[in-house]
Amino acid sequence: MAVRKRSLGVVAVLAAAGLGLAACGQSSGGGEGEAIELTITQNAIKGGKNAAGATFIEDWVIPKFEAAQKAKGKDVTVKFVPSGVDDEQYKTKLSLDLKSGKGADVMDIDGIWAGEFAEAGYIKPLSELIGPEADSWDGWSQIPEAVQGMAEFNGKKYALPVGTDGRVLYFNKTLFQKAGLPADWQPKSWQEILDAGTKLKSAGVPVPIQINAGTAMGEATSMQGVLPLLAGAGGEVQQDGKWTGASQPLKDALGLYQKIYGGGLGDPKLQQEAKGRDKSFQQFADGKVGILMEGDYFWRGVVNPKDGVAKMADRDQVVGYAMIPAMEPGKGVRGQDFVSMSGGALRTVNPNSEHPKEAFELLTFTLSPEALKEETKDGNVRVTPRTDVNKEILAGEPLLTFISEKVLPVTAYRPPVAVYPQVSVALQEATAAVVGGTAPDQAAADYQKKLEGIVGGAGNIAS
Amino acid sequence: MAAIELRGLTKVYPGGVKALDSLDLDIPDGEFFALLGPSGCGKTTLLRTIAGLETATGGAVVIGERDVTGVQPGGRDVAMVFQDYALFPHMDVTDNIAYPLRIKKVAKGARREKAEEVGARLGLDHLMDRRPGQLSGGQQQRVALARVMATQAQAFLFDEPLSNLDARLRLEARTFLKKLQRELGVTTVFVTHDQAEALAMADRMAVMEAGHIRQIGTPVEVFQRPANTFVAGFIGSTPMNLLDGAVRGDTLEVAGCKVAVPIAAEGRLTDGEKIVYGVRPEYMAYSAGPAEGVLSGKVAIVENLGASHLVTLDVNDVLVQAVVPEGSEPAVGDDGHALPRRDRALVYRDGELV
Amino acid sequence: MAQATSPPEVVKEDARTRRGYSSDAAGLGSLRAGAFVAPALLLIAAFLVFPALWVLYLGLTNYRLTGAAAAEPEFVGLANLLDAVFNPTFWNSTWLTVQFVLGSAVIGQVVLGFTIAWLLRDRAGPLKRLVEGLVILAWILPSAVVSFLWVALLDRDGGTLNALLGIPGFPWLLDHPMLSIIVFNTWRGTAFSMMLYGAALGNVPPSHLESARLAGASGWQQLRDVVFPHIRGHILTNLLLISLWTFNDFSPFLLTAGGPDGRSEVLAVHVYKVALQSGELGYGAAVSTIILLINLVVAVFYLRLLRSKK
Amino acid sequence: MTRFVLGRIGFCTLIAVLLAFFTIPLLWLVTAPFTSDPSYEVKVPDFTWDNFQAVVEHPYALPSLYNSLVLSVGTAVLVVLLAALAAYALSRVRLPGRDALLYALLLLSSIITGTAAMVPLFQLAVELNLIDSHLGLILILTGGLLPAAIFMLKDFMDSTPKSYEESARVFGASPLQIVRHVVVPLVRPGLATIGVWALANVWGNFLMPYLLLSDVEKQPAAVITYTLYTEGGQANLSMLSTFGLLYSIPVVLMYLFVSKKYGFRFHGGIKR
């Protein structure tokens, strides 16, 4: 690391010059019987972002884990390091920490960061770090292959999946009724979505369809917009190591955007607003949006009548959901009729940890069936990585059961590589262009040009 | 109390401007000494060099037999009143007067007492808790004086102490200052550009020009016998007549008229040499009729000086001034004649007094 | 003429006192002046100059926050700079920044700040305190709060501005993103100029204004002939500072996030997006270097103006 | 006479427009916190204290204000102290290359406030063991603010008459005494202005505190504000507006305090 080395000399001089200010060094040690301190971090904080997650760690995991260790004769204390910021800022902070040999022993990262963190050497394969225990963890057998794949990079497991999610089409049954559409609506092609939109429009619904577009919504445009559509048209953003350029699937996906936003079925302005996604939530809750493509977070965290940010008291009666259809039946990726996109968080052990084995114990403890059940009780249900747990906790949750049973089998994941975020932005820009009036073919061509710059030349793009 | 002595004092500013050029000056203990000169002559630089605010480039400053050339201003045991008084705007009068004592670590009670004592002496007792901004110019000046007095320094330095006062107040302050200095008996150097002020107050004075001292003497000496034409032209409320002339036997030819050789120059002139003839307008006897040794011409201007008049005569295209007492002033256009007093007229050769 | 006195006993002072002797007003001398400056310079050297040079160096590498280039950054020379120069997004950002600085700093803050200072120049009492207080309030409130206030103000549906103007649904931040952030930044930053000009106007001798008024000069002529020449130095210093600050101001991001579609992505926002959101620190550092160079040109330009007619 | 009346009307209109321009954006901040379910609209509040209750119950909200106070007051004091000494020396003594140095530092300070500097600053803090320490953050923030502070203060110092200092000097005051007794009181309004400027700057700073302080109990309000957004990035308006108000009040109070106690303006605050 040339950058780092250069700095050290100067830093040493500065420190010697009297700026070496007193601050305690990192705790060291770790002999037998000695007190062990572990830290665990998430982008969650009590009284804010993911408050339930933070509460779970602080009030359940830590005391239980400490007690369990004590029972084994080990003196382990665990500290939770909360955070409540944008994911990008959380990622920046993690990167800086990891680069400098710091950071919490156990940490949550977004699944999509796994590749770039692994490439940078910020995280290490668990088997290298922990030893054979990592592969012999009894939980692996309960996690579906596809979900395990999120935690893998170059064929090695770098982390444990914490959960997953899926995207569906939500719709407002009240508005549907007004427009003469069925309450158990399930479109089988894009055309059926457009038809429903047209009917909603003539029934006076202000925003018949909301499919995220543009750069302002950031990754939400990719996950709840262009990527599911791309999959529905039979494409993937990266396939067998080659990136997808101005292919027909992309042109088709952009074509749907054109039909929605050029045909008056969506609100193009909303896509440009800095807080457009928040607004789409609010408008849906206010009964102004007919069809909305969103993840299960929308159901759990937005229109949740209990503690959502845009509460809908009558959610269970009014909000319907349907799988995202392929462009036409059988035309989806892998020849599917329906598609979705999934993401999810990972939890892993910091390679800088002084007690990797204990850290791994803590990690697996948080993903034990009892912990997951504890975490997801009292209305905090989500799709966990374990099928054994899911069977139990999703019983009373129709949407999550739907996702777990219907959506996850057909879902797709984003490529976990470092340049993906830039590719994603280029895709968002392409949707923005189409919403702004550019022809889909042109936008796709522009995308390909940008892509060449990002991924290092036309050679890395599938022709 | 101490004498001040300057030896070969030189000050060259960065850039080569010579503000003081090898000055020698002795000011005995207790003297009230004036530094007079036009602006830019170096008088303020000289004062500030004595104070230590400017570093001497060469030479020495000796105060009370102690060479202080390399000593910081605070270590020279002098006190200074600045032209703008430099009263600290954030302190009241008491604190301002007591400030030098505060620096000397005098206890708070003692220095307040001293400040009040000095303040009372200068008639400031009812103003002690005001801020400088609430005082008139005259009051500010007295506070500045009080502050200097409180220091009990060996020497006082005043930089144009009266220039910020209006004309009427200035006269009062002049008298007050002179009286005060007499009473205190502290060696005091003050800078002024107003010759009347210097003449009125100083025991002795130095007239400066372009970094040089052109004359040192008592006010009477400087007024009556200016050592050179520069001092002659600078001193006096009406400037001295300085007329080109030549020696013609035992008389002088000045402005086409024959005048007698002044007593002071008798026997020191050679026939035919060019000289400058100097006589103050006050030392001219004006008359309407001609006489021996007069400068004759036509009255060009008559200016009222109050109790007298200043008459300007055009003598063969040379302007000559004379002071005429009240009641006998001529009218413009009259023929006029002015007779210089032989015992007061002076002759300059190459600008220096003969 | 000079009185002859016996030569005094001259105490020979040693060379050191003479060298340590100083002629500045407070008697600091270079050595003590150095000691006064040293703590500040030390902090600046450690926490400003050193990291800034580091940034300049990063600009010459392909360093990234994550990925392979984070582990093994390579020296790429001027490649980043060239990338920026051939990148239309960069030029778009530069042009927007120029608009932003000219509009909100040079025109907005300076003109508004001067106007307020001029209107209130010889007033006192509650009105002056009220106006000044409000203007300063906009300046000292945290940017996270004020930006949110403006988001609320300019909101398409519930925004106060549309309610006042009676045009519900008008998307200010979308249709006029640059105008919005320019007005916002004018609102936010006027206080500094107002205070500076208020003080400067206090230093214009009233007699100069009076003589101009006696000569029959109109209000504008008084400004042009008396006031401006007097406060020229203040104007240029003020311009220099607020131009630099505005150039590097990140708060437009909180209003428009650079959007829609990059139409308000000024350089500071561009760097944020590149460095923090995409993690391209090498490229981001290179753009920072370019910003520095532009700032340098701006500063030199002002300094030239300042010196030219002095 | 008509001209006077017209001028008067013009003046009043202008002032009214200015007042409106500077007041209207603030309305939301004073109404929303007292409204039960605030939106972006400015509504007549129903004067509920529930939102404040919620903020008080937030585990980090109020402590974060204390952290902000420590950071911003610490930085402001350090900036004023160091900048005053440096500006005074630079104003009174001609050091070679003084002006060029000041401008160069001013320009470099713009790099440091940019996002790209976060990596060097972070690693520097790591090497110097200044991570997770208020003091470390204060030093780093001070370094960034000093050049502009010195630049502005030097302007102040240049415009104060030197005779005050010379006078004190003749009375024997040492340079430090001169600074304490004479210079500081004279430029006090300037120092206050710079202090508030530094204070407000730090008060709103988010990125550096977030990166350099991992312990949430040390983090300032600017960071905690972010926690009032949900996982999906949506603002909790009732919390955000209420905390925004509470977050604004200290800085306003500090401004009022400073302006009352020390005066708050550029040159010419104290005149003879």
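Per-chain residue numbering starts at 1, and chain names A, B, C and D are given in the order in which the chains are listed.
Following the convention adopted for this analysis, a residue touches a chain if its C-beta (ideal position, glycine included) is under 8 Å from a C-beta of that chain, and two chains touch if they have at least 3 such contacts.
Chains and their UniProt names: B = ABC transporter ATP-binding protein; C = Sugar ABC transporter permease; D = Carbohydrate ABC transporter permease.
These figures come from a predicted structure and were not determined experimentally.
Trainee: Note the connected groups of chains, using the touch definition above, after excluding chain B.
Mentor: Excluding chain B but keeping the rest fixed, the chains that touch end up as one piece.
Trainee: By CA centroid distance, what chain is farthest from chain B?
Mentor: A
Trainee: I need the chain pair with the most C-beta contacts, please.
Mentor: Top-ranked chain pair by contact count is C-D.
Trainee: Could you state the distance in Å from the CA-based centre of chain A to that of chain D?
Mentor: 38
Trainee: Centre to centre, by mean C-alpha position, how many angstrom separate chain A and chain B?
Mentor: Going by mean C-alpha positions, chain A sits 90 Å from chain B.
Trainee: Distance from the CA centroid of chain B to that of chain C, rounded to the nearest Å?
Mentor: From the centre of chain B to the centre of chain C is 52 Å.
Trainee: Could you put a whole-Å number on the gap between the CA centroids of chain C and chain D?
Mentor: Those two chain centres are 14 Å apart.
Trainee: Among all residues of chain A, which ones touch two or more of the remaining chains?
Mentor: 7, 14, 19, 89, 92, 96, 99, 275
Trainee: Multi-chain contacts in chain D: which residues touch at least two other chains?
Mentor: 118-120, 124, 139, 166, 168-169, 235
Trainee: What are the residue numbers in chain C that touch two or more other chains?
Mentor: In chain C, 22, 25, 27, 46, 50, 54, 58, 63, 65, 151, 276 touch at least two other chains.
Trainee: So in the complex, which bits of chain A are touching chain C?
Mentor: 1-3, 6-7, 10, 14, 17, 19, 88-89, 91-92, 95-96, 99, 113, 115-117, 119-122, 214-216, 269, 272-275, 417-419, 421-422, 425, 429, 432-433, 436
Trainee: Along chain A, where are the residues that touch chain D in the complex?
Mentor: Residues of chain A touching chain D: 4, 7-8, 11, 14-15, 19-21, 23, 25, 45-50, 81-86, 89, 92-93, 96-97, 99-100, 102, 275, 277-278, 281, 297-298, 301-302, 309-310.
Trainee: Residues of chain C touching chain D in their complex?
Mentor: Going through chain C, the ones touching chain D are 22, 24-30, 32-34, 36-37, 39-41, 43-44, 46-52, 54-56, 58-59, 63, 65, 115-116, 119, 127, 130-131, 134-146, 148-153, 155, 157-161, 163-164, 187, 192, 195-196, 198-200, 202-203, 237, 241, 244, 247-248, 250, 268, 271-272, 275-276, 281, 284-285, 287-289, 291-292, 295-296, 299, 303.
Trainee: Mind pulling up the chain D residues that touch chain C in the complex?
Mentor: For this pair, the touching residues of chain D are 11, 14-15, 18-19, 21-29, 32, 39-42, 82-83, 85-86, 88-90, 92-93, 95, 103, 105-121, 124, 139-140, 142-144, 146-148, 150-152, 155, 159, 162, 165-166, 168-169, 175, 178-179, 183, 193, 196-197, 199-200, 203-204, 206, 221-222, 225, 235, 240-241, 244, 247-248, 251-252, 255, 264-268.
Trainee: What residues of chain D sit close enough to touch chain A in their complex?
Mentor: So the residues of chain D in touch with chain A come to 57-61, 118-120, 122-124, 126-133, 135-136, 139, 207, 210-211, 214-216, 223-224, 226-236.
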